[in-house]
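Okay, handing you the structure first.
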Amino acid sequence: MMTESVLYSTLLLTLLGGIAAAVLYFVSKKFYVYENPMITEIEDILPAANCAGCGSPGCKSFAEKLVNTEDISDLFCPVGGNDVMNLVAEVLGKEVTEKDPTVAVMRCQGSCDVRPKTTEYQGPKSCAISAMIYSGETDCQYGCLGDGDCVIACKFDAMYMDKNTNLPVIITDKCTSCGACVEACPRDIIEMRPKNKKDLKIFVSCMNEDKGGIAKRACEVACIGCSKCDDICPKDAITMVNNLAYIDPVLCTLCRKCVPVCPTNSIIETNFPPPKVKKVKTNVKEKDEPVKSKTNA
Amino acid sequence: MLKTFPKGGVHPHENKLTSAKAIKKMPVPKVVYVPISQHIGIPSIIVVERKNKVAIGQVIAKSGGYVSSNIHSPVAGTVTKLDKIIDSSGYKKQCIVIRTDAKNSSNFDEIKFPLKEEILLTPSEILQQITKCGIVGLGGATFPSHVKLILKEDNKIDFLIINGVECEPYLTADHRLMLEKADEIIVGIKILMFALHIKKVVIGIENNKKDAIALFKKLLKNEDRIKIAALKVKYPQGSEKQLVKAILKREVPKNGLPLDVGVIVHNVGTVFAIYEAIQYNKPLIERVVTVTGKKLKNPSNYWVKIGTPIKDLIEEVGGVPEETRKIVNGGPMMGKAIKNTDMPVTKGTSGILVISKEEASRKEVENCIRCGECIFVCPMGLEPFLLMNLCERGMYKRASIEDIMTCIECGSCSYVCPSNRPLLDYIRFGKNIARKLETVKN
Amino acid sequence: MNTPSIIISGSPHIHSDRTSKKIMYDVVLALIPAFLVSLYIFGIGALIVTSVAVFSCLLFEYLIQKYLLKTEVTISDGSALITGILLAFNLPSGFPIWMIIVGSLVAIGIAKFSFGGLGFNIFNPALVGRVFLLISFPVQMTTWPTSIDNQTTIFDAVTGATPLGIIKEGLMFGETMTEISTKIPSTLDMLLGITGGSLGEMSSLALIFGGLFLILRKVVTWHIPVVMILTIVVITGIFWRIDPQQYANPLIHILSGGAILGAFFMATDLVTSPMTKKGMVIFAVGIGLITVVIRLFGAYPEGVSFAIIIMNAFVPLINKYFKPRRFGAKIKSKII
């Protein structure tokens, strides 16, 4: 009879369901793992980017570290920044250090037109592998290889490869300074430099440590180590090491004196207004202009 | 029945274009560039300064540690600068640049060296002399030879194997050396036997050098202690682990050395250099180099002074041919492609190969079709397709577990892959990272 | 900007002549004798089924790669061509065209591309297509036009059954093997192709020629075909010895059905078979065993396709546990 079969199947399935529920309940109670509820609270505060910029493999793991470590003053989440770290400090009652925001900066301008290719590379398209095999397709063994390991490493879509210049471009608004691109570059071309409100930056966009003549032959915009920038810097922020100038971002006051003296235009300034054109003093007075005296009211 | 190693190996075309050409002397170059790191181990320490005058054979860089080697001036001349010159990888390395004084540079060249059979030194003096003369393995590995000869108390060596295999296509340096200096090589072997107290020697020669095999068999007719083993022509027969397995059927344990199975292996070129060092006090300042290529006008073998720029060699054989696309330092399977020919010949340069358009370009990479060819040809029993997959995904620890460090980088896997996958590039990369992880762990 | 003339790459700087295209086209060549036999036996029917299968496989691969996945189109590498031919060889002549197209879509779209494309699929695509069609359209998949009767047209087909089908049915109705053997073709007929079945199951001789060609060209090794056939022979032989009236003799088992086609062309598919010799032997034994179990004790008369697909699922496990011996590792045992 149909009603019998419906009745029996319903009863049987209900019984099975009940047994399964009971088993699941006992197992969940017996194998319960205690987890500090603060870990979940901290995890909610963290930005959930899972980028490993803090040094831990993911946000949950960083939350565990924050809760379980006594002194968290040297732990920092670069994506969340000072806001997130201050919140964490409030919740946990521990002290955190404030860090200045930084942004990734790409220090090579060797595009195809200024840094000609002298060989052709055939092999896996990965900067790390081609750097291991040889010094690169151009005569500069310090410059960007153009295969995009940094772009692939960026999880925040803050980098892309410019097809015309074959160099990576960093979108500073999206950069969270997690440090993945710095890790990925086999030549340490990308550096973290301080970020200010208007994103003003001055830096030497070159890594070339060869002597001037060799560097210039390999790339037109290479730093040739002439020291003109070092001589003119009023704050002694520029150091010359191995024929390469380096501008210390902490000492630099962004006065821009070094930019025009560089003979190869190797120093880059970003987001500054164009330099004011100085009026040239002449000895000839304009005849029609009345001489203005200081005592005029 | 020719002996061979049982697992793996490939048969590239032999292309021994220069096997019938006697070794000629390369004219002394005007400038030599002597790198301070021509061997495995610590780079040597420079002991000369700019404007110093040096005599031929004088020490210009001292050994930098235990696993290191002395470097001697190949010419008489003046040190012009201590500069960084690009090496085969395109990176700049420290070199000593000497301007040659042609008059006095023929000290060792012109004097005829009669065969000297009598061994006048004691075993420890032999060892000292080999160390002093900067002898390194000339088969391509450039391992300092004296380190191989320093035996510990519990090392029991019963066999010395001489590697005359030269399995790489195109190269004929060892072949010609065996044909032209057979007597000297035999004396060199006896020197080693005396120094190491070894009573049994086997010379391994591939079967495509039948004249060398016949010559050595004739010369060693009355010598019971030294035997010749004719080996099947298969790459990489010249790899020392495969050589020991083929001749003696002993397998060197994983991450071990031939020393662990009671064997020492030396290349014929190294043995000849040892003969010259012991009998004539001549340091390692020149070696045989094969300059070859299908489109070259006159491919040949040369005695070349260390530090000679490679472009001089290519000029000597008729210049760079029209459609050259690749110039390789070494053989086509394990050699390094070089960026320009200004770089010098070093102790490890066994050949210069000029490859033209048709052979030079790599074809497009396709998906792995799991054909298993790479597993079949790997002489070390590895799975190259798996190692490449792991390295692509950054799983280096797992690659270590899969024995990536035992790879001898012979290139057989990339050679056969029907999908043109760059297996060896990824495996080398993985080895580098795995090695760094090991040192960090320790 | 002129391209520089010197090339740099890692070693090795030479490459053997083997390419995957050559391997694929060698397989196509090996299948030609069997295709010619099927043309002779089934005439236009064979031509239509094969060309529709091939064309739709190539078309679907092109469409999926170009418009769905937006990657490079690789239809000229020969893999879709082989899938098309092998799928056709598993179908009876006179199979409706729209069903062939559905089968091709399943084979290429589901069995190949949903796993990642060439080299990533776990199951043999042609067999997945065939099994899908068998389960979805069982009647049309088991309607076999007989051979010699229909040389010129498919429309007036006189349908018959395959030898294995006749045997299964006969045994179900309690007939003995001696009675059944009068109804099925002789072993010589089966060798040459005067039998019923799908396009590819006709001439065992032509298939064996193709298989030997593949082994000589080093596209496949002898391990899988020989061990699989040997397993089938041994197991059916044991049962035949026990009761010759209930079980067909091993020769009939080998020469009928998809055993030879499966052994040389389906089980040996490079992507879906194990990569070491030891693994291949285990794989082949498994296929032989499952085939015999299905044939003798299962509901279907033919078990090769199911057996191969089931063993395909074990291949990653086989690859994991049957690794080649590392040089210098302690020698445990010497196999092959």
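Per-chain numbering from 1; labels A, B and C assigned in written order.
Rule of thumb we're sticking to: a contact is a pair of C-beta atoms (placed from the backbone, for glycine too) under 8 Å apart; a residue touches a chain by one contact, two chains touch by 3 or more.
Small disclaimer: the values here were computed from a predicted structure and weren't measured.
Taking B-C and A-B together, the chain pair joined by more C-beta contacts is B-C.
Ranked by separation of Cα centres from chain B, the top chain is C.
Nearest to the common centre of all protein CA atoms is the CA centroid of chain B.
Chain A and chain C have centres, each the mean of its CA atoms, that are 54 Å apart. Taking each chain's centre as the mean of its C-alpha atoms, chain B lies 49 Å from chain C. If you average the Cα atoms of chain A and of chain B, the two centres end up 44 Å apart.
Touching two or more other chains at once are residues 118-119, 122-123, 133-134 of chain A.
Within chain B, residues 90, 336-337, 339-340, 361-362, 422, 425, 428 each touch two or more of the remaining chains. For chain C, residues that reach two or more other chains under the stated contact definition are 5-10. Of all residues in chain A, only 112-113, 116-123, 133-134, 137 touch chain C in the complex they form.
Taken in their complex, chain B has these residues touching chain A: 86, 89-92, 336-337, 339-340, 361-362, 422, 425-426, 428-429, 432.
Chain A makes touch with chain B in their complex at residues 118-119, 122-124, 126, 128-129, 132-136, 141, 210. Looking at the complex, you find that chain C touches chain B at residues 5-16, 18-20, 22-23, 74, 77, 117-120, 270-273, 275-276, 323-329, 331. The touching residues of chain B, when paired with chain C in their complex, are 7, 10, 12, 90, 169, 241, 245, 251-256, 324-328, 330, 332-340, 353, 355, 359-363, 366-373, 375, 378-383, 385, 403, 406, 409, 411, 414-416, 418-420, 422, 424-425, 428.
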